[in-house]
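Per-chain numbering from 1; labels A, B, C and D assigned in written order.
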Amino acid sequence: MPEQALLEEVVDKVRPLLGQGKVANYIPALANVDAGKLGIAMTTIDGETIGAGDYLEPFSIQSISKVFSLTLALTLYEETEIWSRVGKEPSGHSFNSLVQVELERGKPRNPFINAGALVIADLLQSRLGAPKHRMLELVRALSQNDKVCFDKQVADSEYQHSARNAAIAYLMKSFGNFQGDVDTVLRTYFHYCALKMNCADLSRAMLYLANRGKTLDGTELISQVQTRQLNALLATSGLYDGAGEFAYRVGMPGKSGVGGGIIAVIPGELSVCVWSPELDNQGNSLAGTAMLEHLSQRLGRSIF
Amino acid sequence: MPEQALLEEVVDKVRPLLGQGKVANYIPALANVDAGKLGIAMTTIDGETIGAGDYLEPFSIQSISKVFSLTLALTLYEETEIWSRVGKEPSGHSFNSLVQVELERGKPRNPFINAGALVIADLLQSRLGAPKHRMLELVRALSQNDKVCFDKQVADSEYQHSARNAAIAYLMKSFGNFQGDVDTVLRTYFHYCALKMNCADLSRAMLYLANRGKTLDGTELISQVQTRQLNALLATSGLYDGAGEFAYRVGMPGKSGVGGGIIAVIPGELSVCVWSPELDNQGNSLAGTAMLEHLSQRLGRSIF
Amino acid sequence: MPEQALLEEVVDKVRPLLGQGKVANYIPALANVDAGKLGIAMTTIDGETIGAGDYLEPFSIQSISKVFSLTLALTLYEETEIWSRVGKEPSGHSFNSLVQVELERGKPRNPFINAGALVIADLLQSRLGAPKHRMLELVRALSQNDKVCFDKQVADSEYQHSARNAAIAYLMKSFGNFQGDVDTVLRTYFHYCALKMNCADLSRAMLYLANRGKTLDGTELISQVQTRQLNALLATSGLYDGAGEFAYRVGMPGKSGVGGGIIAVIPGELSVCVWSPELDNQGNSLAGTAMLEHLSQRLGRSIF
Amino acid sequence: MPEQALLEEVVDKVRPLLGQGKVANYIPALANVDAGKLGIAMTTIDGETIGAGDYLEPFSIQSISKVFSLTLALTLYEETEIWSRVGKEPSGHSFNSLVQVELERGKPRNPFINAGALVIADLLQSRLGAPKHRMLELVRALSQNDKVCFDKQVADSEYQHSARNAAIAYLMKSFGNFQGDVDTVLRTYFHYCALKMNCADLSRAMLYLANRGKTLDGTELISQVQTRQLNALLATSGLYDGAGEFAYRVGMPGKSGVGGGIIAVIPGELSVCVWSPELDNQGNSLAGTAMLEHLSQRLGRSIF
């Protein structure tokens, strides 16, 4: 099958890049991952998933979870309730910077930097009785894999190193843009980041972004318009300070995590997930970006 | 013809928004424009142009010219010669801010903020004997309209108010990222901004962005890959501090100017230009953005 | 007695300024103070204290306590232990800004902005078994007034509105420049700010700054060199963003608090404390500054 | 004579520090100076000047000239005409930063950073027919040395590397806070910086700062109040980002230049000038600061 061969080719193509990036090491649980892992999986809108390399091995999805939490918020809140508290613009600053949050009086630039994702977690915490459990349900349904779970060790380890995120949350609280108890919301937030999934799970779970809001089983999770809007936000702000370069090289809406995963979609066609733990200077998977770039060239497909 | 009717509808739809924005008034030549103008024109990749409203009335294209100058630079320089001097990321700051240029040691974030466009103008000035004349040739050929010209009054007026742009150019020079004589480059830059074109001209001229780099007469101006890359940069950085909102609402790569024009494309399908002089808080045409939003909804088309 | 008459004159002179400033209102306990209060007290190095106006009425000393906590730290730590964790330079930013703390990787500019005072409180908390009690002892001894105490209502109210300071503490913790439990240190810090003293108490307590480190009873609290250094820091950083203006108008090392108090000294001669709750735009007592300016002119004395 | 011996001691004391700093090298004319030079001169208010080391060798006074130009402005303008255009506060940023000038809409923080000194030069240029000649007259009279002159080579060399200062001037012009022709004012400004004087000249010239505004020949150059205010500004902003540290270690109002000179005063007593070309990380003379620190300790004198 030609597409299976293409994914194998993509993995082989980028293998020489191993060793050029750096595994995230701010918590031991992430630092200990095998740096040599390489995986890719793709799900087309007809529901078929194929993969190559270590695509069945689970990893910590980290900031990729910000797509799930924003989506969940979109199902629970009116648009204005969300966008009055978080913006839609690229930040131009590092993902964990407080500078802009202070200058813009507590309103984060977008839902994919830490400040923005914390506001979203705060929204979920306010409205859901069991926000952690609800997230598990959602992600298991989306990926059609009941074994998806939180890595407790990662969640705890993140919590042990949470000072920076606590600072961001308290700063927003000082401006009146954070309602819940900081400690409780942080624990929920770190659980989301500590979801453990593999490339196949993630490519399946993200299919709704490529399929007008419809999940693998045909349910409409969010509307077609909301899906377009979500993809637009991913295209402009999904890769931290590397969104422009990613659009330039890959040309797909996408979201990365410091665990080395990146998800991306070609609307109307497919969702894809790559994984390679070594990161570039912007904190995005180095070989992962290269896999997506090569895939986009070989498919002759991009949104541009 | 249904599409003609659609454009008429779009113009009618946004007319009630007139009066909600503000005409740019930093130079008299722009401040005197009739605030009530509304125009739209669309060119499809089969070469047909239609329009509605004031689509045949010329206006000052201002920053839309930054697309032409970057394109011209791409035909004259190796990629690395360009991207070593200007970045590809959204700036997160106002279009004429010096803060980031200082913090990032003279390298502008992208070619569509003033600092970046000045670096591009500097590149053109270094390599072209007659950079102003060459731009006229290019734009006349692209729009198939030999009457396109510079508005000398606007160019002179801009030059009279050039202190901010001079500051940006000298700051970059202090970091070694500006080669030419500041005064000479500024004059060239202001001439580019002072190009006078109508919506029909601009939609025709920008067709190459929708057509894999091929202009209206079939010439390959830039390669297919370069076109994709250029559209990616427009999608992430084309609308100043409003790029995220524009992607969210309109979903097309685009570029705005303070004269009230905005160009946008759906790759593989069409290029479009809207014009309405009143601007929103981000400096983008208020009714113009609304026209594109409505068009995108009615066509059911966006890149996302 | 002529100096007594001078103080009366000073109070009368500034009374017309009442109504031009704004009482701090971020916590109710401060907002409810009588805006019309005006007091001044002066202690000379021979130990005599005189006063005028409401100089015997206690008020919340707020940031003036930062002088006491730094002094206490100087008696407990080696200089390098302190100055490796906090700088000596004016900040150029608002007293509660996180921007500089982030840009300078967790090291506050000086011990008189909130971030710096929190580091000092953290140092005291680490070394003292009962840091709140120890402060009371110190301040009672310095002012020779055993009735000085914390205003529990103010301390609790500050704690209820502590998000901004918590954000600062967590940000420093994320850079490794905060050792203790944030909550515990904040409670200590707010107690220090909630000390209730009158102008006579404060002018007596601060006499060591004018007297080579020697307190009212002749004890050497800190050395002569340390006293000079402390005065130098007060002169450059004691009045938030108004240090330059204060030096220009008053010409004495000083420290202000949002409760409307300001202490100042003429080294070798006297210490003075003024109080008037209405603040200027920099957060310093408006009439208080005017009292000191008038006093300095009439005495013909300043450090410059 | 004991004070002569003290100055010799001071020079010997700091000689071991040679080699620890870096000579300014942004222009060749400064880079070529002999790094091993060490000089000190002191003038008491009774008019006597003594010196040690290379105190008779002329050097480029650079930013020390900012004291002369502000003084000259004070003799030509009303206070409000000056302080409406430049502030009195420490900047918290590097001496040649544009960030603050942009954020504070064209008003520099104080007259001793480049932006502020350029505004002062602009004021002088507007009111004086021959601002360069007038400065020479002033400085020659103050130092009682008719041979003081501009180093044309330095002035020209500065002008060749003036992009950064041009950027600052144009930025202020864009905010309406710069009246003159940028090029003309820059040339005047660079001439001031290129004044060539020795330690004896400078200590004599600055005596008015120690003597209530009275120059060596008894003329009142500025008033006693203005002198106090000028000293206050020097104490808070005279040493760039090192003003706090300088106050802490030396305890005198002072002003440094990248040529390695520093002037300082003890009001009512003396003015002093040190010179050693190697600079510390803040751009202040490393051994020069140490000479002043040692002098202040041995004299047992400081303003604090």
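Everything below uses one rule, namely that a contact is a pair of C-beta atoms (placed from the backbone, for glycine too) under 8 Å apart; a residue touches a chain by one contact, two chains touch by 3 or more.
Nothing here was measured: the structure is a model prediction, and the numbers come from that model.
*Asks:* What are the mutual neighbours of chain A and chain C in this structure?
*Replies:* Expected: no chain.
*Asks:* If you average the Cα atoms of chain C and of chain D to get two centres, how far apart are those centres in Å?
*Replies:* Whole-Å distance between the two chain centres: 32.
*Asks:* What is the distance, in whole Å, between the centres of chain B and chain C, each centre taken as the mean of its C-alpha atoms?
*Replies:* Using C-alpha averages as centres, the distance is 55 Å.
*Asks:* How are the chains arranged in terms of who touches whom: line, ring, star, complete or other?
*Replies:* Graph shape, chains as nodes and touching pairs as edges: a ring.
*Asks:* Spell out the residues on chain C that touch chain A in their complex, using ranges where they run on.
*Replies:* 97-99, 102-103, 163-164, 166-171, 173-174, 178, 182
*Asks:* Help me check something: in the complex, which residues belonging to chain D touch chain C?
*Replies:* On the chain D side, the touching residues are 87-93, 100, 109-110, 227-229, 231-233, 235-237, 241-245, 247-248, 251, 253, 267, 302-304.
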